[in-house]
């Protein structure tokens, strides 16, 4: 039996090595990357049985994505069909250049995925179903599919978790607000960045106030509000729990939020309380930033060493 | 003043190094690749002033394509607009695996290019305008644009050259036949592979017979029929001239035909006769196969050393 | 349900890139490599549900092996325990240097694996259980374990397949002969190289005669005798079927035999007759040689294109 | 028509990857590098039509330099002749090792370049002619050529700009002082590092005082005094304008000054006032430090985002 | 004649590039690494004639280790025999992941090295013999050998130096304490980390107090107590001398202590006083941290530039 | 005591990887390369104590050359002085492009080396002194030095060996003939390529006839005439011995002749007869061609396996 099923697009991420520019590079490093598969891997690393479900082209590119995710130990349940393999080009840089992303994900196979194509038993028998606000942004079909799968989970008694994840390169704030708030009724656990809560949903106040407002405005069981380098807080049972981010030497910031969310979910599904889950989330996120790629390829022992403040030296 | 203007799509070519499989590679080598820019570079290397014209996305990917082609010394006259950067994934292998290509070029920026967007003076003032059968296969818009640009060249007294280049992954043989033969009236120099002449146009007989038949069926000035590893022949003034391929240690076979065509055109534009141009074409094609990438990064001296049979040893 | 379960050691293979020497290299390419996991992947690629079972150290090295094999789509059922991760150093070279292997596999975790540690249901519910003559060569414990697992398979009605695979760097010919012939009674399908049959078992005659002799000397259902570059033949129901090797541009010869065996087994398990299985085996083996690493990362479509003689050109 | 023509040596820069030492590296990364071509590229990136003119050997090495610079979009007007391709070996390191340069540029082709070899129309029709104090340091011939080209520019009404750029590995401070101050009469815009003003020219005081002193001592239109990590200031019309450096995560410090100068020149040539040009210069310099190689491969949009303080986050 | 002979194991160090994880890397960088050969190279770089002596397998792996050390300019006097080549896997990471080491050094050839196998004249004619607390931790045989070689040195009037170097992955603190303190009587110069003095030997107080206590408890001529990022101090003639660490941009922290010790020894052997030797030690250690690999590939000029505070800028 | 001392320039060889062109490469592989050090290494690999002596710049580049040669196990006795580090750029390619070399060795430090600078005892106490026709081609000073060192060897009773090695990129055939034949009186063993004997010295006839003519024209003890892919023959005591080249899969042809010569010399110095030495020479040359770089990094066991025809298969 599966603890967690996640649903969403996984792209190939193509990035020049060593801070080179896309404009002049002769080489791309290639990795599988997608919020929902990132979350599945992080959850799996923290002890959950996790499966990622999606639709990919029946091509060496689609097979490459599935193969890489299998490597990290999660289950994969993928429809192979028509359409492109979504890609994104990533250029790493520090200040003031910053990391830049060029999406090339239009018409990806996943954009045609209808709810009927998926294995509803897989979702129904899981403890939790997870997707993000990226999925409905990808196509009208996916907008519908996202809603239907959330409803199917709900009907089957499977808990639902959702990361708001607003992407300005995919749709406008107004579209996102309308579409995503319409889904809020079917969601048990919401994860949202402070910036998205403010700029897309129009909430004011500090993250703590935003958490309370969101918690009381909808029927959420839990609301997690993330604050970038300043950690995250979680509203649950009308109480807000808070955890700072751990100090980290960042090698690759992409996927930090997904690492947090995957670990938080895994520990909640394993029965840990909210403060403990926040702790695991923050430690996993900090470790992720030391690892190249989108994915938190950590062990539970490493995460617990961060929490116990025993890591960071040479171990020999 | 420009001797040769070529028009067509240039893609990013993404290929795993060292015979690795796309399915498991962690790295892609990236290069600019497109029949018409390949031809422009080969022609330029053999002494022609060559400019490539096209449409690309206004993004680091589009700029990367233009930059690489500038590096090889040709002129570039490119509209930067909306749409994707076409890509293709290339997996190199010897027998029996063979080299495999996965196109990801749908909705490329070039597919929306209308004739009016281009600089007609550039074409009109050139000695020769060149495109291939790939261009009209990419979109209905490009089908129309190809015809209009060929007509514009004709009207301006610019000679026209065309490589048939049938691509089975882009359209059916029937579509190709109908579309391309409709363009034949506006073409002075046709290059066509024996296989395409047989399977798409239905010609029978050996390459020599096919050349004669094509030469007499249309108003071509010259018809070049290529025979893969067995060289090429050219019909001109009712005479067929023949040249064998040179022996070569192949490192990358892609772009061999374009190298041949670019060199043949350059030497014809420089006033050489058909047998001489065939010789340069064959030698450039042989050198191309020793060079990684689509492009014939050769010098005229190297080509002439091949013709003079003086190359292939260690020169020190 | 699983079609094929394989059991044996998988090592990390460390090889200098680009024909460099171990003595002066600054870099090793690293891949998972082991006869039994190679066979499982090849079988899986040709349509079988295949699972590899083994024992590995509970370390990043052990996890790396499991991860890579998961990537290729097979099931992995691995005991994580004490002991080393076996490695081997591989230096590629052509004539006259030849490819050289330096084993560093003593005291690998797998050498302590006892039959009781494994999931007998996994073996009992499979259609076929496979291991090789390498496994009992690794330790006295494994000698016993190999025998017990073959017996367990037999008792459960699971067919047994065995590749003789004599390794002169692991044990003497006399030891191998004594140990392996003692196992022959429990084996349904034997794969053996002509050289091993001659030099280790003392059989004389051509491969066809050897196949007949082996077939009548023991209770085998099938005996496959391989002939290196000259293909393989299979004795079954007192008839010998023969298939030449396909022509191939070799990039990496290691794993050729395992590719053959995996594909042969998969097609036999799928109900194909012996000549057809030989055909798939030979085609998979030929493709393997074009792929870096021990593993036949092929598709069934590619294998069938080799059989149909449609591969080897540029496909675009 | 060209806005800016720059003249000087461009070398091949050979650097070990990843902080390796020259003494033990097995690999060099290779890039084109030279103060005057660096300035041309930076100016071009900020909107100027820029052409670099020089002399290089007629060899694959010389062609490599020209090709790379063409790639970045500037014009190149190069005499191919006898002599070596100048190279320099660069070892990157942080504190306390520091970055070290080993020049191998003696007898480079450019050292024989006489003023008569160059296209005086190119210089005469440009808005501005630029070279640096490195050029006359390379050979007596170049000392003369530098003077003549500055005079030719002056005569044609082309503005002249000059970066003092003292290089202690090329000549003594006394030689530099004598040679370069003799050129000051023909220079409109001088760029000089505080350290050079102090140690080579003997000016005392803070950078602001130095700017005033230099401005009143000669007939300069503008004097820019750079202060390393503390930005730059510019004296113009007896007023000194000042701009701090932007914070930056340095990947490669080489070329920072050239990036500043190229951007400053481009904006001045485009009609911007001195404070605005300083702002663009500082932002371009900061971006340069995030990019491997000597060259500021930036876009105007990126520079303006730095000025507007909108960069440095993940953009997706 | 040799100034310094060092004795101990040198391993192959296998590390994924660019912060990759062992669990998913496809490549290892490979280097020779061992405390005693590290010390020999550092000493040699600072002017000592140094020879490293050990036992290695007679294989390409053993030859690779010797070859790399020869490259750095030390003498090597190595017995080639039976046994494994010790290796270790190193995963670099910043906070909070930290650098992790997986040893695979059991049964290395060196573990069987008996004192009689070595060239006692080499040791007897040297000024100083050096080994570390790692050597006796590797096998009972080496425990005996270490003691015998120290005695042989003593008998021949060769000074003895010893780095305590406790390795928790090799033996317990109790075993280390018992074994190593039994050797203290034969040691002239002891180097020990504050942490080891506290946790293994049970000393209390600050490093200065520990140095005094160790100095008076045994017959040491000199006791060096290292304090990680806070430098080192040395007790000699009842006086404690102190030196801070230099600021450094760390690329690879492994081998810092060995760089310190090698430089300290070299300068003491050359007749410098203790404060000067501490200065050289600290500067060499700081430079080491900017260099990939275990080894301090520095020059004496660089070390002296650090001491004179003249390094760290771009030198050109 | 040393068996063989060789004298000559060693360059840094810079070559693009994977058949890339110098004109477009972004990376050079770097190796030490020089006929005389190549010969020393090959001789050392075949059992001779060999030392290479030369002059190099006192820079990281010079140290890199010495370090790499130390790595291969030879002695190095090098004067560090003024001047450049010679380099050469090497572009590998198969037919018809061929391998191309661009020398950049003018004004190398070695060109100023005078006989007095070298250790005459080193030469005088060796069994054999070796240099090649490249050395006197590099400068007038070296022309004189070569003569003096050969005389010094002669006077000391050290045998002299000389490889004619005409390099058309360094001097004319007439100059070479005049200079080198003037040295013939002081040479015991001459190695010469058939092509050089014909084109530079004007000998006619087949290699066998050339050997006889050279043998009788001068006072040589032995004359070896090489025939490229067709092996070599040796005139000694008026008899010509002949040996074919071994079949080889060539990865890098540079250094084949030096490998032959080094092995031939080593075996002659060890007392083997001429036919045996030819055998070792041919086998070492064949192995060299499978190894990247100029240098024959072989073992004696491998060479003897080639002679015994036991190599070329996978050894495991």
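Miscellaneous remarks
Order of writing sets the labels: A, B, C, D, E and F. Residues in every chain begin at 1.
Just so it is clear, contacts are C-beta pairs under 8 Å (C-beta built on N, C-alpha and C of every residue); 3 or more make two chains touch, one makes a residue touch a chain.
Here the structure is a predicted model, which is why all the values come from computation and not from measurement.
Any chain touching chain D that also touches chain E appears here: A, F.
Comparing the chain pairs A-E and E-F, the larger number of C-beta pairs in contact belongs to A-E. Taking the CA centroid of chain F as reference, the farthest chain centroid is that of A. When each chain is reduced to the average of its Cα atoms, B sits farthest from chain E.
Chain C has its Cα centroid 46 Å from the Cα centroid of chain B.
Of all residues in chain E, those that touch two or more other chains are 18, 21, 23-24, 26, 67, 71-72, 100. Listed by chain label, the pairs that touch are A-B, A-C, A-D, A-E, B-C, B-D, B-F, C-E, C-F, D-E, D-F, E-F. Within the complex formed with chain F, the residues of chain E that make contact are 67-68, 70-73. Those residues of chain B whose C-beta lies close enough to touch chain C in the complex are 18-21, 23-24, 88, 93-101, 103, 167-169, 253-254. Those residues of chain A whose C-beta lies close enough to touch chain E in the complex are 17-18, 71-72, 246-249, 251, 283, 286-287, 290-292, 297, 302, 306, 311-316. Partner chain D is touched in their complex by these residues of chain F: 14, 21-31, 59-61, 63-64, 67, 84-85, 87, 89, 91, 100, 102, 104, 106-107.
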